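What follows is chain A paired twice: with chain B in the first complex and chain C in the second.
Showing the complex of A and B:
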């Protein structure tokens, strides 16, 4: 195994995703231009030009034909993976933090930050792949308001598209019905200091779900990452580290997780070696 | 009783008729209606009672009174008629007590504090107490009632940790963790150091936690031989010992900042640097009894620590620097040795020898007298050696651990006072006439350290970051009695030296901000073989300590308990190294305050026995190695079985989850427009065969 260094972004990388078949890698960065790469060789296939702000999140449809991007320019955009053509622009009220295709790719959800008077939103859009893209509805079919000033950091779909799982900046995780927007579950493990209770005592940086959509893996500034039952939101395992965790992934078939983290560049003064990727070998079991 | 005698005189009502006689005629026509009775001055705070005076015949009455007056007038001005020394006509002897009335209450207080227990002559130790205390004495019952004897409580064995079968050492940790409620939870944990492994917990204050108390909220400290763990609290200090760290003693002294045990752990001195008479208190450890209290010395108010007392090596004497003298107190009586302080003209600093009752002090230049260093034996006060020095800016006294050598680092200046240079005056204290060797160095001295129980020392010279570390021996040359340079390490950033307690291995460290990027660099150096064992780093470490056996060293980044962190909390924590410099344990905590190894008492083995152990090391090693192997195996087995158990549980959970979805597989397929990723028929198997010629070999037959 030899690492391949992908050089293409000018600013900090925000998101790296594989497509379903694992032959393509999509990357997004704060430099506004997502890129597509061959997973095997590291050769860049192309870029997706159009955003006017940092790109925070990407989601690829299960058949790798369409890709969604969430950007700080208050829009989510749908792209044709093969040609790099911008298909649809979905305008939001504030910066879009996260975007996620539903199972089957017929719908997708976004979360956007609060901006001036408008609160943060969880939005669900219809995007059937048998409708020509210029006729797709650009208005959300469902909008859920977040409490005032509250931010959500990540949205994923639960098993069989039965619920939306949303990670909040206050360390809680909530699930919603994707059709009528009612709140279903609320994870209440641990407490934030003096504030509302949540899974983590500090911001949840990221959230990922496994292929079967049965397990959730969070990572948080409170130096831990937690494995949750995606159905009940019950905490199954806690992985403690010695630094804030910024990203975490589960092995698709084996019982391993990888956590990556370190201090924010902002809060680092001078340190010798502050970013270390720790492999928590066999940590799931 | 005496007090009765004195008080009754004043208790009488004043005779009004008598008063009338004193009044002048034009004052109210002799009418007493408007006359206010003068307030009788009942303030007795200026008076002290002196008892246990000798009983003398009339002829000597006056003479004794004179002596008492002379002694007490040293404490302050005595009021007119201030001395009452009653004589009993029936027995023809004085009553053996006296009253002294000062002008000023402070003088009375001082007299009671200073002269109580004064040896007047061979058989009379006078007692002096404030007059106000008599009231308390009067209320004492006439009959002596013996107090109920307290039920006997066997003391826990405070040395049980020494009997550990694996001969592990202990250390204590102090840190705190944020509780979900937002408050910091203070933790103090005593850990067993394990051989090159993660340390295991011995006691973490579980008993106190159960009772809802915090074991320690401020600092911790081990006593010098490791018997007691001292915890600092606002009302005072507490000592803990024994296998489960039961409370061994409590010493109430508000806001204690500094605690000094006598080296033998019999006595302890506490100091809170506050105003008043009880800034420094000396206690007996076992009984918890206060032996004597002192105010802070007024002469050196500027540097608080310097006015503290210092214990002699055997804990028999306690000494404090005063103006032109060193006051030496004897224990347990806490009386001034031979009733007078050691005269030490212009003394600036002193240090006891770590092994003998010998102290060394230095005094700077005064008028025409040169600066000097003096080594004095106590209690004989014999000056073993004195050395005069000129052009001295400052001296530092460094005793070698065994008290064999004393190195005086003399910072000297040139005549113009523009350039500074260093002299090292090394006293061979154990040799007859105490010969002194001198070494001069032009560079700045960054560090100096004697090898514990050895004849070598290390010296760091130069400017940061290009320093040189030099090792010297006191037993060099042909006669094994000369100071000789062993070797020099050039261009090192290290500004601190930590010798292993067993000697030979030296841990060199670069610490502090002035070493810049080298901050936290470490080097383990073998002095005997002149070789570097390992160069390593613990970024930003600010504390280094060897364990008492010299097997491990800990390095730590800590922050003060009371204040915020020094630099970045991220770095807080400790690391453990073997003496070869291998790091084997790391611990990080945002609020990490303290780590301290538990000291051990001095070895009971003679040096011959020690040599024997070293000779037969292989034999002992085998036994310990076997134990270690078994322990490792047992640990691995336990960890393994735990892991297997956890894995099984987890797999069970996942299987249940999958089972729930398994029955709804069709729904998933429908969502994907009828595509089933598990259906093998969707995959096209494409097999190709390729042929590569690796090598060709031609064989001619």
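Showing the complex of A and C:
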């Protein structure tokens, strides 16, 4: 196997996302300029210039027309994928950690860090694709305050957009109603393990959900990655590794997960090694 | 007549006929005729026959449209930016995680030729199912009781192919024979491994064949060393880098059960 190297970012990569059809790759880094690549050839199609801070997360709409970016410059931005034009700037109170399109791409959610005296926020925005982009509402239709000094690291939408699944920096996962903001579930599995009362005993670095939104895969600084039922937040499986796990992904069809990790998120620019584990059938690596 | 080549020009030294490609015939073969000068300056005609395979891929209409997109942003600004993809120079090897656990005792693997001498790791790990069968690594699995190393038997291909005098002397149970070959020349490297289920079988074979004069060679047999795996890694895959990471840890199997029950619910 000889992989293709994509060279275009000058600082640490933070996020790599495929589009729905799998022909495009979006990458974001701390160098403020997300890039778009052809997945097959590794050719760079374009860059999205406008952010003034590190870009933490990207989300692509199902039809690959619009892309959202979350940045440390306290904004989330919507981009036209084909031209690189900035469509809308959504200003936040603090650095935006994560952004996620809902299924269908008519709404999206962000999480932002606490900044000075404003708490961290989970925000939901309306972004219908039949409204001209200059008329899109830039103010969140729902804001959920996080507890003081609490950070959330990642937000994804649950099945049928019925809930928001948010990973917290203390190692817990909570779900919220995306319409009225009530807290639905709180992952208490694993309370007797670890120091804190969460799924993981340390930060959850990433959270990913499979395509039919039934399984969640977390990865944490506590050297483990966990597979959860997206509906009940019950821990189904724990993958133990020998280093902090920075990224994880589920195979779309096969029973594999790939975890990438390294010594420290600050010093790791590329995943130093992959640990492949089988999901079931006794094939556990 | 201009444009037409005179007969006298045919043996012009510089003239090389253009490359010709025939159409693909009914068997899917096309021939390419090329001319070039060899080192002696003589003209050489080379005909290459190529089997043509056509692979049909279906691409979504929107994906096809996206391949025609214009570049924008930094990618559109000339050639100085690193838009062009770079292929990794060397082969990227998948590195199996190191196993710090002791191999489990597997009583079923012994004496059951159908199950074969597979270890607890041999069959169930997805990364290893595609591994080369019979590599020195696998031959050194500790589950096999007797593992004999033949040396000075570079004719062992013939010897072990089932016709020669050596084979009966190997004994009954030799489930697997690995003959070390040079990966480039495919020539035997002069030794082979034979694995046995029972150590006693291996011992009797060793007694029968130790010092056996075969062809013009004297066979030498010894027990395969347990550290053979490391030796093989150093010798055979010397270009392989290891990260020093990647320890395979014991995974919790209890939760796996709950996962399976969850699926059926």
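The rule we apply is simple: the second predicted complex is superposed on the first by the 257 of 285 C-alpha atoms of A that agree within 3 Å, B and C clash if a C-alpha of one lies under 4 Å from a C-alpha of the other, contacts with A are read in each partner's own complex, and residues count from 1 in each chain.
The rule is short, and it goes like this: contacts are C-beta pairs under 8 Å (C-beta built on N, C-alpha and C of every residue); 3 or more make two chains touch, one makes a residue touch a chain.
These numbers were taken from a predicted model, which means no experiment stands behind them.
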item	value
Chain B versus chain C as contact partner of A:243, first or second or both or neither	both
Partner chain in contact with A:104 - chain B first, chain C second, else both or neither	first
Superposed model, chain A: greater residue contact from chain B or chain C	C
First, second, both or neither for A:82, with chain B first and chain C second	second
First (chain B), second (chain C), both or neither touched by A:62	first
Contacts of A:44 with chain B and chain C, given as first, second, both or neither	second
First (chain B), second (chain C), both or neither touched by A:53	neither
Which of chain B and chain C A:159 touches, first, second, both or neither	first
Contacts of A:181 with chain B and chain C, given as first, second, both or neither	neither
Partner chain(s) touched by A:212 [first = chain B, second = chain C, both, neither]	first
Doubly contacted chain A residues - partners chain C and chain B	229, 236-237, 242-243, 272-273, 282, 284-285
Chain A-touching residues of chain C, taken from the complex the two chains share	59-60, 62-63, 66-67, 69, 71-76, 81-88, 90-95, 97, 124-127, 243, 245-253, 255-256, 258-260, 262-263
Chain B-facing residues of chain A, complex	62, 102-104, 106, 159-161, 190-191, 193-194, 201, 212-215, 229-231, 236-237, 242-243, 255, 263, 269, 271-274, 282, 284-285
In the complex with chain C, residue positions of chain A that touch it	1-8, 21, 23-24, 33, 35, 38, 41-49, 63-64, 82-84, 227, 229, 234-243, 256, 272-273, 275-280, 282-285
Partner chain A, residues of chain B touching it in the complex	178, 180-182, 520, 537, 539, 567-568, 570-571, 573, 588, 643, 646-647, 650-651, 653-654, 657-658, 660-661, 664, 667-668, 671-673
